[in-house]
Amino acid sequence: MVKLIFFASIREDLGVSEAEEAVDGATTVAELVQVLGLRYGSLWTEVLSRENILIAVNQAMAGLQHPIVPGDEVAFFPPVTGG
Amino acid sequence: MVKLIFFASIREDLGVSEAEEAVDGATTVAELVQVLGLRYGSLWTEVLSRENILIAVNQAMAGLQHPIVPGDEVAFFPPVTGG
Amino acid sequence: MQTKISVQTVEFDVGEETRALGRVSSQVGAITSFTGLVRDINEQAGVSGLFLEHYPGMTEKQIAEIIAEAALRWQLQAVTVIHRIGALQPTDPIVFVGVASLHRGDAFNACEYIIDFLKTRATFWKKEQTAAGPRWLTTRDSDVESARAWQKS
Amino acid sequence: MQTKISVQTVEFDVGEETRALGRVSSQVGAITSFTGLVRDINEQAGVSGLFLEHYPGMTEKQIAEIIAEAALRWQLQAVTVIHRIGALQPTDPIVFVGVASLHRGDAFNACEYIIDFLKTRATFWKKEQTAAGPRWLTTRDSDVESARAWQKS
């Protein structure tokens, strides 16, 4: 299982803020996105594949090829707008 | 008559903070310094001729050749150290 | 170096934060601060309110990293970063960056560096309430440029 | 542009001054401030106290000129300069420069410009009480350099 967290427009578009999900053999973020798309449908694939989406694994910025292991915290969010 | 004002170390070295003085024909700051030296002695000449002394005529920075006329306010002070 | 980082809903007191920065050491000669306010125009639309969220844990870690980078570049004695979240109105203070240093050059540079990277790297998101409905903001090009400029210097 | 200039013996309140700068307009997005404190070392000697004097009338005029120059270079909405005179102790706040602007770049630049010229051009004089007796300070070379750098930019 990995912990998924969604912020801002990503959360609103998916209608989910947090979830615990089985990885079903996925070993990278990209594979996890594929697994989630198969599990929840094309909306998830579309939202999680957006060009400007940002990803953090265990609270550190990560790319699509970043490895994931069970227990990881994986967050998806749009470009940041602080300050 | 002109109004003289002395600040900081210049005031302390002369022992005077303000004075009303006749210009005795002086038409520039340099001539005024000469007149004051003749009137009050070599201490005044020495202090008012210091290399780093600053001069303001009517509250605007001025050089030794700046003209003076009766009624002017002439200030002498060391380099500034604000902030 | 002393560091204070807070992500909070309540308003901060610039006077109290500045005094606290000055108390860090009798060597502090310069305190610079940046206070960001919610403006009632952002790009085009009239903004009636703002909602801010962050990534608890990660955001604070990112702010600590930005401060640590600034401390490598300049001699700093204390840094305070406070960022508000939740519902805010136009003219509300939203972010405070305060820097105490021996010399003002270091304090000015570090303060500007920290706010530039807060704007582009820290995980905060703003949703504006406008006349045309709510919308999530995206990173401003001018902010990206400001942050990029530091990488050249 | 709104301007406040005060030369005073009493302490100022950075929080109140910052709030006042923010109230000038709902367009203010950025407020920068510089607060200078009396340090207990200046060059070598241990400083136990400071006495500051100014040229009433001329000093305020000079500060207004420095602010006007800054307003020609950058887009500013309000500037506050407060400078204390009289007897001060180490760690006392001595000078405050606050700038409100639409954008933070302008606010940072103007704030630094104003303090740099306050240090080198405004008619204030500082007498330090040190272990070795009182002495009048002279303009610091580093301050002259900071002011000169603006003339190139």
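Worth pointing out:
Lettered A, B, C and D in written order, each chain numbered from 1.
By definition in this document, a contact is a pair of C-beta atoms (placed from the backbone, for glycine too) under 8 Å apart; a residue touches a chain by one contact, two chains touch by 3 or more.
Predicted model only: the values in this text are computed from it and were never measured.
Number of steps on the shortest path from chain A to chain D, with steps defined by chain touch: 2. Taking the mean of the C-alpha atoms as each chain's centre, chain B and chain D sit 27 Å apart. Separating the CA-averaged centres of chain C and chain D is a span of 23 Å. Chain A and chain B have Cα centroids separated by 76 Å.
Between chain B and chain C, the centres computed from C-alpha atoms are 50 Å apart.
Annotation for chain C: residues touching 2 or more other chains are 36, 115.
Pairs of chains in mutual contact: A-C, B-D, C-D. If you check the complex, the residues on chain B that touch chain D are 5, 7-9, 52, 56, 59-60, 75, 77-83. Residue ranges of chain D in contact with chain C, taken from their complex: 13-16, 18-19, 22-23, 26-37, 39-41, 90-91, 93, 102, 104-105, 107-108, 111-112, 115, 146. Across the complex, chain A is touched by residues 36, 53-55, 57-58, 61, 83, 94-95, 115, 118-127, 136-140, 143 of chain C.
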